[in-house]
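Notes follow once the structure below has been shown.
First chain written, first letter: the chains are A, B, C, D, E and F, and each begins at residue 1.
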C-alpha cells in the first residue's frame, strides 16, 4: 500500500525524522510518501499557525492524495483531520489520535508529556474532542525545544523521563504518550527509564492507517464526512479547486 | 468604537445581510467595518471549506484588524476564534459562542435550529468545545437552504418555526438559538410564533463585542492566548507575515 | 434604562461599594437603583443565610422591580436567579454567572479566587449548575475577610495576587475571576501584577444586563421560567402576595 | 428516635398524607413529628415559591429541630437540604435524594415520573446537583394535578402507569421514581401494573433518616457543612435568630 | 430478617471481622449469616483474583441465598453486584456502593482512603460505574497492609488519619470513606482525629440492606436485572446449575 | 505471530465462526489459535453468566497463553479484559473495545446495534468504562437471536439493516458497530444497504492485536496492570495456580 505521510509544517527537518520512523515501523509492502507543507510556519506552535495549517493540510491532500491508500497527518494537533476524512475516499489518521487510541489499550489512566507550556490547552482540547478527556489522568509540559533541532538531546531526554515518572508517581498513570511529531522514535530510547509503556504518535499512526486500510471501510455516503458536493470557491490552488468541484 | 465584522465566506450576499443586522443592533458610537474573505468557498458548508476558512480568517485579521477595537467572527462555526484571540490585542467574539452564552442567561435548556443535516455534528462539536454541551437539550436540522439566497423565505420560515416549537414541546427547551450568520434579523420575524425566546448570533456577537470592549480586559501575557512570539514562515500574505514576525 | 441592583445582604456597606462600581461601568443612559435586603444576614456567608436570602431576594424584587428594565443580583451566589427570571418580565443577571460567561470569552481555562475556604463548595456547585464546571481549571480560597470592611486592603491584595498567579502557574489558567460582590472594582487595582485578565462580577453583571435589555428578548410563555400562574399563599409581604396573585 | 418530618408547603393536606405514609414505614420506636410551613405557597410549584420555601424551611428547623434525632425534608425539591445539614447536628435527608439513592441500588437505569411539565427542569437540576445525572435514563411529566387533592385518582393513576411503562419500553429504565411528596404510598397501589420497581421519596426518606441515625455520623467540624459561626442578622424569627447567634 | 454476608475471599480472618461489625450494627431481629469463598485468592487484591471472585460470588449465592432476605457483598470491589441482583429475588448491596451512597448524604465532596496504590484505579472505576465519579473530590492510597492481619494497627492508623486529614485540607473533602472490608469498625477508632465524618462499607451495607428489605421492592420482570431465563451450561457446581436452570 | 483467540462461551459454534473471520482478516504470518471455555454458559447472555465467564477467561489464559504473542478476547462484553492485561506479558484486546476504537477513526457519532434488549445496559456500561460514552450517539437492540444458530439469517439481516439505518436517520450516526462475536463477517454482507461504514469486533480485534504486537509495548512494572505478585489461593486449576504463584 501507499501511505501519504503529511507534515503541514514547512520545514524538512521534521518531515525527515517522521518519515524515518514511519519506514521503520511500516509493514514490508507499505510505501511511505512524505510531503511537507507549501506555506505556513516552519514549525507550528501557535493557534494562528495552526489555523493556517488547516488550509495547508487540505491543499497538500488535494495535491498528493490521489493514488494513495491511506493518510497519516503527522502534525501532533491532528490538523484538519475531519476535513481530510470528508474530502477523501481513503482512511485518514491523526498521530495524536492514534497514540491516544493505542495507549488506551495498554493502560487505564493515560499521561501525556508535551513540549512547551503554551500548547497544554491545545492538547487538552484535542483529547476532549475525541471524547477521551476522562481517560487522561495527567499532563506535563516540558519547557525545552531541543527536539526541534538536530543537536544534543540528553537534557530534554532527562526532563522527559522525569515528567513521565512524575505522571506515574503522582497521578497514577499506567501508560504515557509523548506528544509531538518530533517524538517519533523517542520511546525506544527512553523506555528503560520509565516503568509504564511509552507511546508516540507516528508509529501508532502508521500502524492504525495500515489497519484501517486492511479493514476496507466503506466511505460514508451521508453525514458530515460524506463526499463533498460540487462547491464554488475563489482564490484556491488548482488541485484544491479540482477537489472542491469534482464534476469540472 | 470600531468593530471589525469578519465574514470568511467569499460572497458579499452574506456580508451585507450580516452588516445590516449588526448596524441595527450596535450602539450609536459603534462603526461596523464588514469584510469578506479573500479566498475559499462562496458559502462555507463543509469541513474542508472550514479548514480553508481558518487561514482566510487569520489572513483577513492580519489585513484589517489594525485600528479596530473589537472583532466579531460572523461565520457560525466561529472559525479561527481562538487563533484570533491569540493573534490580536483586542476582544474577539464568535457569533455562535455569543448566541449560546447570551441564551444561557435567558433559559435553562437551550435548543438549536440549524440549516442542513450535514452540519449537525459541527455545531455539536462547537458547543462541546465551549464546555456548554450539557446546556443543549435539543438539536434540529432544517433541510432547506433558502436563507442563503435573496428569494422567498416563507417555506423555510415555516420549517424553522416548526423545528423551534418541536424543541419546546418534545425536548423541554426554554430558549432557542437559530444558528447561522444568515439568521441575522430572523428572530424578530418569527418570535411571535414561538413561545420561548429566539436568539441569533450576529446581534449577540455585536453586543458581546461591545461589552468586552467596555470591560477593557488586559491581553494575556502568558498561556495559549498570549501574543505571538516572532516566528518564521513561508508563502503567506504580506499582512500575515508582518503579524507573525512583529519585530521585523 | 433603569437597572435594579439587588443586594440581598442587609448591610449598606456592600450595597454602596457595588453601586459605585456599577455606576462607573454603566452606559450613560443607565440609572442604577441599588436596594438592600429587608431581612437576613448582614453579610451572607453560610448556606443557612443563603436559604433565607432566597426569600429576601424575591421579596425585594416584588417591591422594587416594577418600572425597572433589568435586574442585577449582586450577591455572588447568584441567589434566587432562576426564581427572578420566572417572576419578572425583564432580564435578570447574576454577578457570578456574568463573570463566568464573560471570562469564557477571554480565556480558555478559567480560575476562580474566592474569600473564605468554607464557601469553596458553594462556588463549585454554582459553576456546575451553569454547565460550566469543565471550564473551571482551578479554585483558590483566600482565608481573609478584609474585603468586607473599609480598612486596609494591602494584605488581602497580596494574598489575592498570589492566589491568581498560582492559578496561572500551576493550573494553566488563562483568565481569573475574583468572586464576591466586594471584589467590585478590585481587578483594576491588581491587574498589573497578574499576567492574565482579571474579571469580577458586578462590572460584568451590569454590562450583561444592559446587553440583554438591548437584545429585547421575549418573556417565555411556557416552561419553568414562564410567568407565574395565580397562586395562593400565606404570611408573605404585600408586595410578594401581589406578585404571586397577579389577578387580585 | 424522634423524626422531624418537614413540609414547607403551607397546607395541611400534604402534611397529613406524608405523615401517614411515614408512620406506616417507620420502625416501631420512631416517633414522627410532622410540621407545616409558617409562610409561603399553599403548594410549592414554581421557582419563586421554592425561593420563599428555602427560608420557611430553615425557619421551621430553628423552631422544631431541637430534641429531634433526624430530619426528613418532605418537599420533593429537597428545599434547603444543604442549609439544614449545615445548621443542625443531626442527620437530614431530602425525599427525592433518598428516592434516587435507594433506586440506584434497585436498577441500573433510573426513570422519573413527575406531575406538571413546568417542573421538569427543576428535577433535572436536582438530580444533576447530586452528581446522579448520568444515572437518569428518562423523564416523564404527567400533566395532571389530581394528586394534590383528595378526590378520585383513577385518571392520574392511569397516566402515571402509562408514563412508567413508557420509560421502561422506550428508555430502558429498570427502576422508576415517582417524584413528589404526594406520591407517598402510591407505589403500592400501582406496582402490579409496571414491570420494574416503583419507588417514592417519603418512604425512602424516613428509612434513610433512620439509617443515618443508627450510623451515628459525627457532625463536620470544618467545611461548608460545619456548625454555624455566630452571625449578625435582622428581621428574622426569634427561633432563627437564636440559631444564627448560638452564643447569645 | 436473615442477611447473607458474603465474603468472596477464601480466608476466614476477614469474614470474622466483617461479621463482628455487621452484628454490632444490625437491628435486633437481623440474623447475620457470614459465608466465605469456596475457591480463589486468600485475599483479593488484583484484577485477576477479582475475575475469579466473580464466579466464586455467584457460586456462593447459589449455595446460600435461599431462605435469606437480603445480601451484603462484603468485598470492597462490590464483586458480581449486578449479577447478584439479576440472579436473586431479594435485595443485594455492595459495601463500597453503600458507603458512597450513605456518605453522599453526609457531605458534599467525598474523599476515599484505600490500602495499596495498586488498587487505586479499581476504586475509581467502581465509583465511575455508579455514576458518582463527580462526587469524589480526592483519593489517597495508603501503602500498608497491616489491616489484613491481626497485629498492631497503630502505624496504619496513623497513616490513615494523615490521609483523611490531607483529603480535608488539600481537596476540601467534607466526608471520608475508608474503603475495604477490613475497615469494618475502624471509623469509631479514628473519628476523633479527623474533623469530618468517617464512613466504612460494612456498617453502611448492613443498614442499606435492611432498608431495602423494609422497602419491599418488587423484583424486576424485564431488563438486565430480570430473573434468569433457563440456560444451558457446563462444568458448574450443582447449586449454580440449579439456579441457571430453574425449571429443571 | 501466534494469536490466542479466546471464546469464553462453552459452545464451539461461536468459536468456529469467530476463528473463520479471524483467519480471513489476519496477516499472512499470523497463526490463529482458537480456544473455547471449559465451564460456564453455552452462550453468555446474562450478568450471572458473565460473572462466571470472568473466571473461565482467566482460566483459559492460564492454560493457553504461554507461547502466544497476543490475545483477542472474542466475547463482546470484553470479559476479564483488564485482568488479562494484568496477568499476561503480551497485548490483549477486547472485540468491542477494538470495534469502538476503530470506529472512532471512521466517523464522529457512533451507533451500536446489538441483539437482545436485555443486554443494552451491559454495552452502555462497557462503552462508559472505556471513557467513550460521549462518542455513542445511538443504541438499537434487535430482538432476534438467529445469529446464534446456523440457520437462515435473512430476517435478522433485515432487522439489523433497519436498525442501522434508523441510527443514521434519527440519531445522526456516521459509523455503526454491530456488537456481538456472532457478527463476525456480517458487515461485508450488509454494507451495501447502509450509507455509513459498518464495523464488527472480531476483525477489528485481530487487527488491533497485530498492531499492538508490532508496536512492542513494554509490560507495565507498576500500577494495576503490573505483573502479579505471588499470591496464595485455593480450589483453582493447576494452570491458574501456577500463574498466580509464579515462583513456585
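We take it that a residue touches a chain if its C-beta (ideal position, glycine included) is under 8 Å from a C-beta of that chain, and two chains touch if they have at least 3 such contacts.
None of these values were measured; they are calculated from a predicted model.
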What's the minimum number of touch steps needed to get from subunit B to subunit C?
1
With centres defined by CA atoms only, which chain is the most remote from subunit E?
B
Subunit A to subunit B, mean C-alpha position gap in Å, rounds to 29
So what's the Cα centroid distance for subunit C and subunit F, whole Å?
52
Counting only residues that touch at least two other chains, what does the list for subunit B look like?
82, 85, 108-109, 117, 120-121, 125, 172, 174, 223-225
Interchain pairs in contact, sorted by label:
A-B, A-C, A-E, A-F, B-C, B-D, B-F, C-D, C-E, D-E, D-F, E-F
Seen from subunit F, its contact residues with subunit E in the complex are 10, 38-42, 45-52, 54-58, 80, 82-83, 85-87, 117-122, 125, 128-129, 223-226, 228-229, 231-236, 240, 243-244
Contact set on subunit D toward subunit B in their complex:
117, 120-121, 125
Which of the residues in subunit E come into contact with subunit D in the complex?
25, 27, 82, 85, 91, 93, 97-98, 101-102, 104-109, 130-135, 168, 172-175, 191, 195-199, 203-204, 207-208, 210-212, 214-215, 217-225
Within their complex, subunit B touches subunit D through residues 108-109, 172, 174
